[in-house]
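Okay, here's the structure, questions in a sec.
As written, the chains take the letters A, B, C and D, and residue 1 is the first residue of each chain.
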Amino acid sequence: MSDSSADIRYLRFLKPNGELDKDAPTGSHDPNEIADLFRRMLELRVFDSKAINLQRTGKLGTYPSWYGHEAAQVGVAAAMKKEDVLAPSYREGGVMLCRGVSMAEILLYWGGDERGSDFAVPRDDFPYCVPIATQCLHAAGAAMAFQHRGESRCAVAVNGDGGTSEGAFYEAMNIAGVRKLPVVFVVINNQWAISVPVAAQTSSSTLAHKAIAAGIEGVQADGNDIVAVRHCMREALEKARKGGGPTLVELITYRLGDHTTVDDAGRYRQQDEVDTASDLEPFIRTRKYLASKNIWDTQLEEQFLEQCTNNIEAAVNNYLATPKEAVEQMFNHMYAEMPESLLAQRAHAIHFCDTDKD
Amino acid sequence: MSDSSADIRYLRFLKPNGELDKDAPTGSHDPNEIADLFRRMLELRVFDSKAINLQRTGKLGTYPSWYGHEAAQVGVAAAMKKEDVLAPSYREGGVMLCRGVSMAEILLYWGGDERGSDFAVPRDDFPYCVPIATQCLHAAGAAMAFQHRGESRCAVAVNGDGGTSEGAFYEAMNIAGVRKLPVVFVVINNQWAISVPVAAQTSSSTLAHKAIAAGIEGVQADGNDIVAVRHCMREALEKARKGGGPTLVELITYRLGDHTTVDDAGRYRQQDEVDTASDLEPFIRTRKYLASKNIWDTQLEEQFLEQCTNNIEAAVNNYLATPKEAVEQMFNHMYAEMPESLLAQRAHAIHFCDTDKD
Amino acid sequence: MADVTLIDALTMAMAWELEHDDDVVMLGEDIGLNGGVFRTTAGLQERFGPQRVMDTPLAEGMIAGVSIGMAAQGLKPVAEIQFMGFIYPIVDQMINHAGRMRNRTRGRLHCPMVIRAPFGGGIHAPEHHSESTEALFAHMPGIRVVIPSSPARAYGLLLAAIRDPDPVVFLEPKRIYRSNKQAVADNGEALPLDVCYILREGSDVTVVTWGAMVFESLKSAEQMSAQGISCEVIDLTTISPIDEQTILESVAKTGRLIIVHEAAKNCGVGAEIAAMVAEEGMYDLRCPIRRVTGYDIVMPFYRREMDYMPSVAKIGDAIRDSMDD
Amino acid sequence: MADVTLIDALTMAMAWELEHDDDVVMLGEDIGLNGGVFRTTAGLQERFGPQRVMDTPLAEGMIAGVSIGMAAQGLKPVAEIQFMGFIYPIVDQMINHAGRMRNRTRGRLHCPMVIRAPFGGGIHAPEHHSESTEALFAHMPGIRVVIPSSPARAYGLLLAAIRDPDPVVFLEPKRIYRSNKQAVADNGEALPLDVCYILREGSDVTVVTWGAMVFESLKSAEQMSAQGISCEVIDLTTISPIDEQTILESVAKTGRLIIVHEAAKNCGVGAEIAAMVAEEGMYDLRCPIRRVTGYDIVMPFYRREMDYMPSVAKIGDAIRDSMDD
């Protein structure tokens, strides 16, 4: 057993006022790179608000907004390699988008269509995971497969602050520690699990401290700081790839929106807390930084947003134009080979299907 | 959230050479008290080896020996108050005996008779728990009941080193931390979970470090040192009773016997490890200490052992003379009021019962 | 006496019991200030305080485990699991402890506790939010499974469940949480458990069902009556243990049995009812038993959920087939 | 070709598959150096190394969860759960993930994995070590449940389970782990899943059973034959999905059906078989179906376990009753 009671590091490089710390890691000082990441963040934000609108107008099911998480999502995805594997929670579709899942696929998922999880890219990533924290074990298992085959790949699980209370989260860290698995557990600490604030989830000093129970490294970063997020994910992934074992990365951010489109956060949290958090959110500081480097301004942003909006409109149209799957598809993928007893049931379903229109 | 990454304390007062540390807590310096505890330890050891014999001669089912755990068991029980509640694991029957469960009841349990868990004293204690770590949650729940009623009682869960890998153990500590529950989680770290050594259970620095994940205090003690065990349990219980919240107490000892009577530890562990552990076991040092205080010698021990043996024989006879319960008893305690549908089943069982002899 | 929804009736029952029994406590995720994601516990924390109505950390196994601990030590916990799709971490505690505490201690300790969870489809919810797996709990000895299908039964049965000295899994058909209002007297009167409720008398076919499917079945019965077929509709209500007598008596009268449930067919509770009648009431049957159930597939995402579920048409078809046999 | 026990046959099958398929890995508590508490994996770690045959930390939910992760990424994990009484922490991962990974990704990812666990009573084991809860897994869509009852079937079915591209819960009747030896060719040949095995042909009564109860049923059939009653004994083998055809054909021939299982009756797998026949084969039945099962109570501690279980006498009684009807 190794000693892991050391103090937990906290990383922040891009300060809320838009200044980039002089200590920021080499490789973070190219503003053009940051601008690229910022564009992804913008795209995520526009998409997210579009999805909320679609739900409001009855064109999408319940949808969990990632408003406020954009730096965390883009930073996690930017640090991963294509061949790595993501095991996302239900909220972190932004990471999936950055990994290549299409907007239309994301919309299909929340639009009640299984094909949303049959994304063309990246084929090995796990689909959205709704039962909280269960995906942490899948990531550990994926890492066992990579280790078994001697592949230089890592698995990344994304979990929430509430999700750290589930035994599955702890069990996943523990097996990862024992087998030094190439896996990174990301906790997006957005301070709330629906109506439960993180202080009511645990008395742990920080969520990163939970790593100590598994004897693995824990680290915190400002989840609104795209530079810090990407950097600490890169460190963790590099370590994992080299056989150095797993890391728990706590990204501290804030859920600026309601829990989902059927939630009303006004019932359980104070507006002034949200206001304070809004001052620290990722876009303000990134804009300031880029402006200070003279590579971003309102006009560029407007141009980019227009482009975004067009892309998103196209994806939405694609989504809305996607007819329902044939009813038998709900039977066809249950097993590699369909058992006899399902054949009659499938025929029954087809017989009674009169709902091919939504 | 409070800070809990502090170093973990390790308590040992009665050294392997039989010397009592000068720093030993006041209240530990009365050798007569230690002699009383030692007598309980002796009784546990004699009972344990008797139970193993009963199994070997076909008079008892599979039995998990507590050989080597006696100081831990007696120390835990000695620190508890009568009105506290124990949630024991399957191995720690010694704690139950010290709390007032009768030897015959313990034997009935392992002899395949439910009445072994219907002990006359202590009525509120939980029965033996076989599904590992699940009892930690019961202890937390009991503590919630005490807290709810404003009672000055504590719950104590006893778990093994292997049991710390279950999510339930972590979940129990976590809720206890959040609600500052009057509960103590004891981990009897006997180095092995059947054939799996503790290093293969977790990479955590110590098992006590796992407390950090829940923001509760963790402490280690030499589990072969009756003084240290009782003292750190007293501290933890006193704190809990005063509203100071839960503690995780790791007691470091060794499983000197096989996992159970159907296990052969020779298959997976080295004899020299067992030999080394044997030098550190609790009886040697306690005898030396008591001898150095001139209140214990071979003759006294022999006298006491004879008395023990007689008591145990009486209990064994009582156990062996206990006829099977009537067959309908397996139905009668399923519900407070028996559902209609069970009546016919009960009649069927009675009709076919021809096995009233064992 | 105002008309109330099924949800309102549940809230009323919980408030009544919190008011009248100090041993009753509530726990679950988001049940406090937020009043539960379906607002079933709305206002209860405000009224009874955070020591009686407790938000817990996010861990269902923990919720069940501490409920068992509390119950064994004299409290009467009423725990909420947010959706049935998230209930599975409690299976271990329920089968290995809640259902056997009384038996294994020969009555010394017991578990007067209730696990509440919304279940079933039909509300266009996301993945994992529409499951019906009552059969898993029905197979566990020592555990009662109860499902109400009207505001009045919700009120009376939840009171009964909380007062019952043994563990009850209380499943709430969320599709009808707010659909059919009814006048419910808030008088603290419980309804009996372990009995079926006959909702419509009839002489040709017995339809046994529960939860939201009660409505589809009643609608179908209505349609059938226009075609001259008289259906008796029985709300099973206590899913386990089953009230065999009421069902057998009905089948003795009608000679035909249809079972309707949302859950998958294979090893669903419908199988038990059919088996019981094939054992005890076989000679009364004029034709094969029929089950109209969810298929043996994963509950589809919401665009196709209605194709998965039993419908008025599917039930009607089975009834007519029975009559033709 | 030496005679081997059921346990030996399982070990042989696992060794064969580890030898011939690099993607196969084994994991579980104490399966390595110790060779499993029943010695089913004895020698495998020595032969194939600790990367192929892995001892895990003590956490069943973890074992299932990482198996799903491995399986989705191309391995074929074979996990051991030490006893069925400790299997419940895997329920969440099995129903919410293993059984639906293929469906929810429309075939993109799937879970070729096996969960092995000894089950059943009759060996005088401690509390929680004698359970039979196959019905819980049988109710989960997307999951196969398979139970062998002879060394040869253990060998061939375990190979089939490991090679199956979908998740299989493979339950081992530990009461007959070592009781009946049989010559088994170690030739890597799998047996088909999804079909029943007819172990004894007969014309008067069909007895459907599985696991250790196969032996009680065969003994009972033997006794009955001395009384002039001819029993057909069918080993269900694949518990889910059920091979309906074989059962229906047998009932069409005999007109009488007895189902025998160790698990509790209420919502057990016997209910599904009875229901299926009451739906599809009703007109072939000459008398009511009968189930001879464990009672709807907690598995008693071992002094009374034999009173809980179906016995030759109880089965014989049901068969004679059927003939008298």
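Assume contacts are C-beta pairs under 8 Å (C-beta built on N, C-alpha and C of every residue); 3 or more make two chains touch, one makes a residue touch a chain.
Remember, predicted model here, so these are calculated numbers, not experimental data.
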Set of chains adjacent to subunit A and to subunit D: B, C
Chain separated most widely from subunit C, comparing mean CA positions: B
Chain centre separation (subunit B, subunit C; CA means) in Å: 40
Geometric centre distance via CA averages, subunit D-subunit B, whole Å: 36
Distance from subunit B to subunit A - Cα centre to Cα centre, in angstrom: 44
In subunit D, residues with contacts to at least two other chains: 57, 59, 61-62, 85, 88-89, 92, 96, 103-104, 127-128, 141-142, 241-242, 266, 296-298
Junction residues of subunit A, two or more chains touched: 114, 131, 165-168, 171, 174, 178, 200-202, 330, 334, 341-342
Subunit C contact footprint on subunit B (complex, rising order): 85, 87, 114-115, 117-119, 123-124, 126-127, 131, 134, 136-146, 148-149, 155, 167-168, 171-172, 174-175, 178, 329-330, 333-336, 339-342
Subunit A-touching residues of subunit D, taken from the complex the two chains share: 25, 51, 56-57, 59, 61-62, 64-75, 77, 92-93, 96-97, 102-110, 141-142, 164-166, 194, 241-245
Subunit D - residues contacting subunit B, complex: 29-30, 32-35, 37, 55, 57-59, 61-62, 85-86, 88-89, 124-129, 265-266, 295-298, 300-308, 311, 313-314, 317
Touching residues (chain side subunit B, partner subunit A) in the complex: 1-5, 7-8, 165-168, 170-171, 174, 177-178, 198-206, 209-210, 212-216
Residues of subunit A defined as touching subunit C within the complex: 61-62, 90, 109-114, 128, 130-132, 162-163, 165-167, 193-196, 200-202, 262-263, 267-268, 324-325, 327, 330-331, 334, 341-342, 345-346, 348-349, 352-353, 355, 358
